[in-house]
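Paired with chain B in one complex and with chain C in the other, chain A is shared by the two complexes that follow.
Take a look at the complex of A and B:
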């Protein structure tokens, strides 16, 4: 009898906690969504209506009965179309080449037991933590001398080596048991074989995580493309958008549409890969 | 710490002497490692070390109109900087900004990670909504929030809904820095939360069950089970978040230009104006060196903290 009532009490407590956590989680989630949702809704109506429904707040602040894609069509005629394409090219190449470079470095630091590997790890990661944006000004001067200003190579190169990606990959690589390396060696694999056949296949989630890091670094970069030349051929999305905001006569509708495009492209990629990112290699690779 | 020292001598001992009969002599480990590290090492040298060295070199020289050309001035650019009101203000603003925004973002990210790994209705959906803004580039976020923070913008609409008076946000020296922190946290917290969720999911559920059997409260479990076991991702987040917050530039350049009255003049923006608006490249380079050193000191301190907490 007593056992039954305590059981009921525990169950009731659980239900209350479940409901409370659900409501709290929902409120915070909606709060985070609000600015983006408002941007989205405003990208679907004329710029002259941006401030129409703000005082007081009403349902039309966050919804529109007459959505139109006119702003997106206008976007295609502006500089932002080409700028977005440039961002895609630059970020895509960065992810592919950068993952190769970073995973090789992380493998050397995690799996090869060479003398002084601990010191090299600290040196590599700390040097990469030399804040890139801070040294962007001296580097921009160097790139001018090397004729890399206003080139794709000039935009891509700084994003290839990424300390965060190396740090992340090494952390995951360390969790791969050394027994697998031994087994690989018994099967006659060299170090490259161990890297390609054992470490990389086990590391898909961490590679996706590191790839996202590389992608976001490049897609979101602002200081570097601002300094390394912004001719109309090589201008990147964020710079073009900020130029638009600085103009005297801002069409808020078009500006919000541009913001949505620059957000939806990385968003689609992140949503597609989020579950890989959250899984860790130690649980997926070893069970 | 103890794990790695246990493992390494064993691996070395096995690799070299016990297997002499191989078709090819294996390359020395250090050469193999060097080959794997080479591409990263070259990009490190050319794209990080070289510009830092150039900045250091330039910071010791100054353009002279009298002698025509550059002259060596030693640390004079640095001493001049520390006498400069704008620089001292930028240093203070950056320090205050870091001390507030980092603990705020990391504890928010941790608490949200705990919240969204609990069983609750729609937890995955709400979590995705928090993660959503990480897709927004800082420049785009600045452009969007420039409209939210307008006197007739969305921010004040919400305040009036709550019965609060309209606020000046970006045009007030008291509120501008906090306004920038809010928009940065909007895009940052979800990103750091992802790392911590990955760490929390790694904690074996048996540990929680054991703690429950021992009668531990939810807070006690959070403090004694979750927190120690997510130390590694937490340390990573701490280092990465601090460094990235030292480099804030886009929102300042787009929204406030360092103002009003220098209240948002973070170091990165001060360097930029010094180099390109004031055209004083030597002092800007000296400031680059100061920023680099500041960041490296913070990273070193945090690595040490990580190591000592590993040993414990």
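Take a look at the complex of A and C:
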């Protein structure tokens, strides 16, 4: 009887703790969501009303009774459409070509024994420990000498060889049993065959993780496109968004609408691939 | 393991050395290698404005000079200076003409980032007001041509003032209000139900707050033969800043709203008096509130001072098409039609005197009856009360440090101590020049 009561008590306590934690989790989640929600609500009202309901806080701060899509319509007349398209092109090519390069490099470092592979790996690690902003200026000078200013190639090239992506993929490749390689060899596969037929098919989650790293690097790229030239044909999303902040007037409504567009695209991609992304990060350390 | 660590360290060291080598040698390598060019072809213009702003002047120039095309690139406003520093430092010849923030001209000239335009001194002097000529001089040479000018005005919310029975301020500069009166009336308006009494458009910007110190007798804050001596701890500066701090601590002005986020607060009807620029006229005209405009106030017993200055355009010494760039620059600054075209899509005062005369009536008409008389008010302020920002190669550091001090002061830092601290920081920064 006593044991049963104690057990019931423990169960109840657990339920309360579970509920408490869930509510706490939900509250923290809402706190994270609030700025994005506020941005979204304000993208639906005219710019002159942006700060109208901020002080004191009222229900209209977070909701609007008269939503309008005018700000989104205004975006169509701005550079943001072309800029978003450019960002998609640049990020897309970076992901495809970058994954090819990074996975081959990671494969070489993980599977092919060669002299100096340790040094090459250290160089790769060092390359992503140095912040890109620190090398951007000398790199921009080189690109200028090579006439790569205001070109897609100039925007894409710095994103292709990503040390972080190579590191992630190499760690994953190291976990693939060597027996498979041996078996492949016995069946007459060369290095390319082993890479193409054994490593790549087994590594889809980590390829997706590395692809997202490459994608986000380009999607958020701000300093580099500014250094590399900013003509209107090669403008990228973050630059176009920042350009909306004029020096005399800022239409926050349109700016928030632009922010929503630029946020939703990576958000959709991350949500679509989130399962693989978590899987890849959580399994890269496993042996 | 040890070997790997050693290899990593040496690689890191080599990498750092390589980077250091690149970043220090590139900006200084070689001399300005630009050329006059053929006088035709493409001129690249770089600035922080929306492309629509300069489209009219580019089209007007093309109509007169069919063999020269102007291509405009926009850089975000807050990234303009770092981007210019990097690209001009690397002798980037894809910039021919660029916009020059007037108080930054002396530093850009001292760095060798501007082409000497002294041969155009006579023409410039004849075309623009004196203050607009002198801000483009550094060490007696002319480095850029003035394009835009500016001033500050006081806007007021008629409905809010009426509710408190406060008289509307006059637009006549002879009946300019004092800051003391603004505070008194602002509080009365607040008591009658309006949320805030007073709001500056650029709450932390030296451009807009310099006149407070000037009016209280504190000067610009920079003195000395070389204009590298700080002077921001004198009684005038302390008085002005204490007054400014009080407007926030008393609740007359809101603390939470940053620079250039403020005009929406005025258009939502929550503020009695708003200190803003001519660009607000067009903006406010579109809003639903009833407003009027008056001269920027001054301190009782002090001098009358208003901000001035805006943007000039200069030529990159590394440009390979200087002759055509110069033609475009002369058109945009000296030709009244060209200069006027730069203001077609943006409410801003043209620097050219003849263009200003044509522009002000148009500006006045923008606000209809509400801005009646603003044309002659601006003309008066440009010639009588305009106080340009100091010409100093240390201006950039000064502006940045004083801006932080303004931010702290409005958020409650003790005025006298914060100004002393800022003076110390500015002196330290200038030691490195």
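In this text, the second predicted complex is superposed on the first by the 268 of 287 C-alpha atoms of A that agree within 3 Å, B and C clash if a C-alpha of one lies under 4 Å from a C-alpha of the other, contacts with A are read in each partner's own complex, and residues count from 1 in each chain.
Keep in mind that, in the parts below, contacts are C-beta pairs under 8 Å (C-beta built on N, C-alpha and C of every residue); 3 or more make two chains touch, one makes a residue touch a chain.
What you see is a predicted model, and the numbers here were worked out from it, not measured in a lab.
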Exercise for review: Please work out whether A:242 is in contact with chain B alone, chain C alone, both, or neither, and reply first, second, both or neither.
Suggested key: both
Practice item. For A:149, decide between first (touching chain B), second (touching chain C), both and neither. Key: second
Check your understanding: Is A:135 in contact with chain B, with chain C, with both, or with neither (first, second, both, neither)?
Key -> both
Point to revise | Partner chain(s) touched by A:65 [first = chain B, second = chain C, both, neither] | key: neither
Study note, to complete from the structure: Counting residues of chain A touched by each of chain B and chain C, the higher count belongs to B
Point to revise | Touching partner for A:231 - first (chain B), second (chain C), both, neither | key: second
Exercise for review: Please indicate which partner A:28 is in contact with in the superposed arrangement: first for chain B, second for chain C, both, or neither.
Suggested key: first
Point to revise | Touched partner set for A:50, first chain B, second chain C, both or neither | key: both
Practice item. Tell me which partner A:160 touches in the superposition: chain B (first), chain C (second), both or neither. Key: first
Check your understanding: When the two structures are overlaid on chain A, which partner does A:168 contact: first (chain B), second (chain C), both, or neither?
Key -> first
Study note, to complete from the structure: Check: chain A residues flagged as touching chain B and also chain C 50-51, 54-55, 122, 126, 130, 134-135, 137-138, 141-142, 239, 242, 245-246, 252
Check your understanding: What part of chain A is in contact with chain B in the complex they form?
Key -> 18-19, 21-22, 24-26, 28-30, 32-33, 35-36, 38-39, 50-51, 54-57, 61, 100-102, 104-105, 107-109, 112-117, 120, 122, 124, 126-139, 141-142, 157-158, 160-161, 164, 166-168, 171, 178, 181-182, 185, 190-191, 195, 216, 219-220, 222-223, 237-239, 241-242, 244-246, 252, 255-256, 259, 262-264, 266-267, 270-271, 274, 277-280, 282-283
Exercise for review: Provide the residue numbers of chain B that touch chain A in the complex, in ascending order.
Suggested key: 7-8, 11-12, 14-15, 19, 26, 29-30, 32-34, 36-37, 39-41, 43-44, 47-52, 54-55, 58, 112, 115-116, 118-123, 125-140, 142-148, 150, 152-154, 156-158, 160-161, 186, 190, 194, 197-199, 201-202, 232, 236, 239-240, 243, 246-247, 249-250, 253-254, 268, 271-272, 275, 284-285, 288, 291-292, 295-296, 299-300, 303
Check your understanding: Residues of chain A touching chain C in their complex?
Key -> 47-52, 54-55, 79, 118-119, 122-123, 125-126, 130, 134-135, 137-138, 140-142, 144, 149-150, 226-227, 229-232, 239, 242-243, 245-250, 252
Review point. Which residues, counting only chain C, touch chain A once they are in their complex?
Key: 3-4, 7-8, 11-12, 15, 19, 22-23, 26, 46, 48-51, 71-79, 83, 86-87, 90, 92, 94, 195, 254, 256-257, 260-261, 263-265, 267-268, 270, 277, 279, 283, 287, 346-348
